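Each chain gets a letter, A, B, C and D, in the order it is written, and its residues are counted from 1.
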Amino acid sequence: MELVMRQYPNSWIADSIMCKRGVAGGASGTTHELTEAVQGTYIYTIGPYSTPVLTVKPGDRVVVETKDAFEGAIKSEDDKPSELLKMPFLNPQCGPIMVEGAEPGDTVAVHIESMVPRGPQPRGTCCMIKEFGALTGTYYTATLNEPLPEKVRKVHVDEQHVYWSDRVTLPYRPHIGTLSCSPEIDSINSLTPDNHGGNMDLPDMGPGTVTYLPVRTPGARIFIGDAHASQGDGEVCGVAVEYPTVTTITVDLIKNWAIEWPRLEADDFIMAIGSARPLEDATRIAYRELVYWMEREYGFDRWDAYMMLSQCGKVRLGNFVDPKYTVGAAVSKKYLA
Amino acid sequence: MELVMRQYPNSWIADSIMCKRGVAGGASGTTHELTEAVQGTYIYTIGPYSTPVLTVKPGDRVVVETKDAFEGAIKSEDDKPSELLKMPFLNPQCGPIMVEGAEPGDTVAVHIESMVPRGPQPRGTCCMIKEFGALTGTYYTATLNEPLPEKVRKVHVDEQHVYWSDRVTLPYRPHIGTLSCSPEIDSINSLTPDNHGGNMDLPDMGPGTVTYLPVRTPGARIFIGDAHASQGDGEVCGVAVEYPTVTTITVDLIKNWAIEWPRLEADDFIMAIGSARPLEDATRIAYRELVYWMEREYGFDRWDAYMMLSQCGKVRLGNFVDPKYTVGAAVSKKYLA
Amino acid sequence: MELVMRQYPNSWIADSIMCKRGVAGGASGTTHELTEAVQGTYIYTIGPYSTPVLTVKPGDRVVVETKDAFEGAIKSEDDKPSELLKMPFLNPQCGPIMVEGAEPGDTVAVHIESMVPRGPQPRGTCCMIKEFGALTGTYYTATLNEPLPEKVRKVHVDEQHVYWSDRVTLPYRPHIGTLSCSPEIDSINSLTPDNHGGNMDLPDMGPGTVTYLPVRTPGARIFIGDAHASQGDGEVCGVAVEYPTVTTITVDLIKNWAIEWPRLEADDFIMAIGSARPLEDATRIAYRELVYWMEREYGFDRWDAYMMLSQCGKVRLGNFVDPKYTVGAAVSKKYLA
Amino acid sequence: MELVMRQYPNSWIADSIMCKRGVAGGASGTTHELTEAVQGTYIYTIGPYSTPVLTVKPGDRVVVETKDAFEGAIKSEDDKPSELLKMPFLNPQCGPIMVEGAEPGDTVAVHIESMVPRGPQPRGTCCMIKEFGALTGTYYTATLNEPLPEKVRKVHVDEQHVYWSDRVTLPYRPHIGTLSCSPEIDSINSLTPDNHGGNMDLPDMGPGTVTYLPVRTPGARIFIGDAHASQGDGEVCGVAVEYPTVTTITVDLIKNWAIEWPRLEADDFIMAIGSARPLEDATRIAYRELVYWMEREYGFDRWDAYMMLSQCGKVRLGNFVDPKYTVGAAVSKKYLA
């Protein structure tokens, strides 16, 4: 199928915006361990009110032990999500990680180097949760229909494959579902994406890519969690193959680069990310940000960029199940040269 | 970039649903010429009220001379679309082509074999039309803002490339923007997609693929037009690289296969297509149809299909600029084996 | 409750836009009878392709025998709508009625004088139809939930009351659910509202009001049907108290008044009507048309009108269940003086 | 016009849910003064992290000095909102007010007794803010159009009238735009409505009504602000007649009444309130909550309630300009007897 998902190399990073404009500029820093023990209590709301667990310098590497989105509560296919999950204590995040020197108006760059599964098998979990997902009435698209049945799927995951069923084996396509810097004064539950990042559930946000997040508080306050071993476009049933990982990131800081929404860079494309409802608004945000980006930093005329993206823009539907939906709009780097 | 668009071979067609279930079953029929002269007046509304221009048997080939979406009215970059285009006389279609033996409850299969550009250079046209496109107030998303400027872009197109600008050359990625069978009693302007097909603007609908359309009137009444030499996901400015072609299709008929929405098949995936507003509803329709398809014809349990697509479903955003937005939801054939 | 629905007097009509600007100018014309026998086959699609049943002059009165939206098929509370109703043969319309002298660019005025129930009791019908209504997954908001149960409610209706249940008696608040002029070349099923009118399901469209519809074909081609004995804002379950009536209308023609969307006038307010999805777009259309109307015909500055409606504009939600949703935006005539 | 807005008497309060089920049960308590001095710094985000300014017992009265939504920064019609307003420091709130004994699972009742304008004339402010409002591209409905012009309107307001212009005088129809209890762990900017209340901008929320808010943290933490001297349905330009007031409220507590979304009661109707995007989802939430309310507390069969609201439900569009849109769905008390 043509819309293949693939993993990106790390070798291109020296040419990334992160390395070209970051404070560290590609130089290696210290490696920090953000284990479960260091993290202690995981975080469910992304804001400026929680206590930092770590402070890093631009260029530092952090090895993070993420928990799955259910914090390990769903252990068996006989479990009932409705009995084990309690809103809003879902989607546990590691952090906040403070970045030295980060101030509002700057941008943090997060390079995901690797994501390694951890924990006993079957370590992957998918499920159907009442009134959650795209093909059901929900909390917001409120209907009087009976909810869909609750279902749990426990899945073996290794660094090559996701063993979905006897019939179907999927490739391992790891990515981070939730990555954020703190909003200025609000605190947003970790289930919701917005202009701070959050629960974007964007399959492109995997090893070999760099995510850029706007800094809105001193120290940036990075939160990370919600690893997926695979996820389809839109995350239609509401849940990916959720699993615990050891995820290694490198953090850098780009001073005085004020972006409004998160952005992503891979070896061969740049992507602007929007999160909103309805879905067309998420797509509008992403494409408008991409037009502005091409105009301001790649020398395109605004209307040329707009019409050209109408011929070669690429859209990734992250999710259309979370409280806001997420879309990435991308353009190939070969057209930016 | 990973979301590459590619062209499909025709060699897999013998294994397609069309060949396996169609009346012709892959046997070659007569070749018909639907030239401009045969077509005479082009059609702007898709319904049961227009006079057929051709009748074909299942298995027949039709060589169609499509006009561009502006019927050639925009000739120069100095032209003003607002002075040359008049609603609803836009997006001219060839047809209706009657299919012998087609009855409501059947499905028509349209295999696009090839799309060859025709006409003098620069034969491709893109433009910005007042209150049309995704990043502007529109007729429906009614605002009081001044419209964006009108712009016209004339583009050289050959069978290898679309010469967008001095800076950017795009690959030739031809596809049919508007493909339909007639609704039962309504007649829908050729700018609008819906469950009859219509103006889907789906970049996958190119050479080497088969589109399946529900038959709702005797004879099916196929309409075709709106060729694009390239188009980005979502067709963000509202217009692709519109151009005239000689398009060759083969038509077959699958008796007693009642589908509700259009479907598309390529060598390596199957795709269900939904058109609606808001965009999440188009996506819901596409994914629900895909779940039903997997359940009814590939032996999947409904909930297994739903959860599995949450891991490996692929979404193509056709357009989010037309009166209804179009989304394709696809799954790789390798997971259907 | 403050959002009361009331019936309007006919006495103000001499001061209406219809009488001040219409060809007839308030003069009485001939009275025509459009009985079931004269109508013959009722119409399910609003377009230029059906055969006229009547031609009237501006100022003429027409006494119309409307059928209920189910064409009388639902006779008992034991009936199953799914067994008796067949898409798209729903919502039968009377017409087309040709208006002498009507040309594209004109506006037709339809003054509803009275609506009298007819037929044996219980003559009112409400029901719950599978995958139709606001609080259920639907054809477009496609879900995998089990449909809601089918329910039928037969209701006594007289000119004072709607006898809903032993517990609840509602006032008789008659109005026309579907009122249209033909689109230019399309034909739109009678279940869908759009800029031609159609299935607006707007409770204000009752006796004592005038509806203005844009003329898009010679003769205008008026269609009317779908009487409701009462309806709440939004028609939440998808169905009002549907019933057959003798409805008396007077038709006039306003030359060279080109409106884009339907409008409504009562003794004390003017209302612009928009139909679209999502619901905010219907509301945007209605409010934008109202701003334009105040600017062009009542001498308001555009921004003053916009800000003033932010203080005193009134919104009626007609339906949010039909293929497009309908909203009226209104302003009191006392502020237009 | 029929959709009149009126002010409600306080005399019916003894029969309200608040008095019948509240801890105070209609008994008068202490009167507290929440002056500007007591408040000190106003609050811009609704959450559990700010320091309480007052603790009250059920039945207590609080006299609150609200500031206008711009905190008085817009003083002249020559002011530019873009130079004076800084996100997210808008819509200043008084509070948090702690309610003794309030626990998650309870409901707080806020009876608005009176709203008296304060401050020098012209004390009312309306304006057009860049990329904010319903008839313009916005932060979320992202377009490339030039923003609408910035406009400021300063308006005389007294307890009888809002002197909009030389031409138009509007009645004084005071109401509270923003009323909240704290979310459990999130903190939501005061511009956004959601299931905690927030910036609902519902014109019904005026003197003589009672608003019910779900308690999600110990002590409830009430926030109040954003007084409007008048507001049309939908608040179309984004801003009402914003003004400073002395607002008097009485607070009561209903133990073990767990509501999911805010509710409102007046002398003659009950209303459920939903906030979401798109607008149909806000309306769905409101109507579903109303169906549940009628079923659980007024003895209606679910399907009877659903079909009956399709005949007599009333919808108020609060706003369709804020980050989430707000709708109230109401039913007359006379049908609940």
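As a convention for this text, a contact is a pair of C-beta atoms (placed from the backbone, for glycine too) under 8 Å apart; a residue touches a chain by one contact, two chains touch by 3 or more.
Here's who's who by UniProt: A, B, C, D = Acetamidase/formamidase.
Computed from a predicted structure; not experimentally measured.
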- Result of counting contacting C-beta pairs for B-C and B-D, higher pair: B-C
- Task: Quick one: point me to the chain whose Cα centre is farthest from that of chain A (Acetamidase/formamidase).
- Result: C
- Query: So how far apart, in whole Å, are chain B (Acetamidase/formamidase) and chain D (Acetamidase/formamidase) when each is placed at the average of its C-alpha atoms?
  - Reply: 48
- Query: What is the distance, in whole Å, between the centres of chain A (Acetamidase/formamidase) and chain B (Acetamidase/formamidase), each centre taken as the mean of its C-alpha atoms?
  - Reply: 33
- Just curious, how far off is chain C (Acetamidase/formamidase) from chain B (Acetamidase/formamidase) if you go by their C-alpha centres, in Å? 35
- Tell me, which residues of chain A (Acetamidase/formamidase) touch at least two other chains? 135, 141-144, 148, 277-278, 284, 287-288, 291, 306
- Note on the structure: In the complex, chain C (Acetamidase/formamidase) touches chain A (Acetamidase/formamidase) at residues 135-137, 141-148, 278
- Item | Residues of chain D (Acetamidase/formamidase) defined as touching chain A (Acetamidase/formamidase) within the complex | 44-45, 47, 49, 88, 140-144, 184-189, 274, 276-278, 281, 284-285, 287-289, 291, 302, 306
- Touching chain A (Acetamidase/formamidase) in the complex: which residues of chain B (Acetamidase/formamidase)? 1-6, 126-128, 133-135, 148-149, 151, 153, 162, 164-165, 167-168, 170, 204, 230-241, 266, 268-269, 277-280, 283-284, 287-288, 291, 303-304, 306-317, 320, 325, 329-333, 335
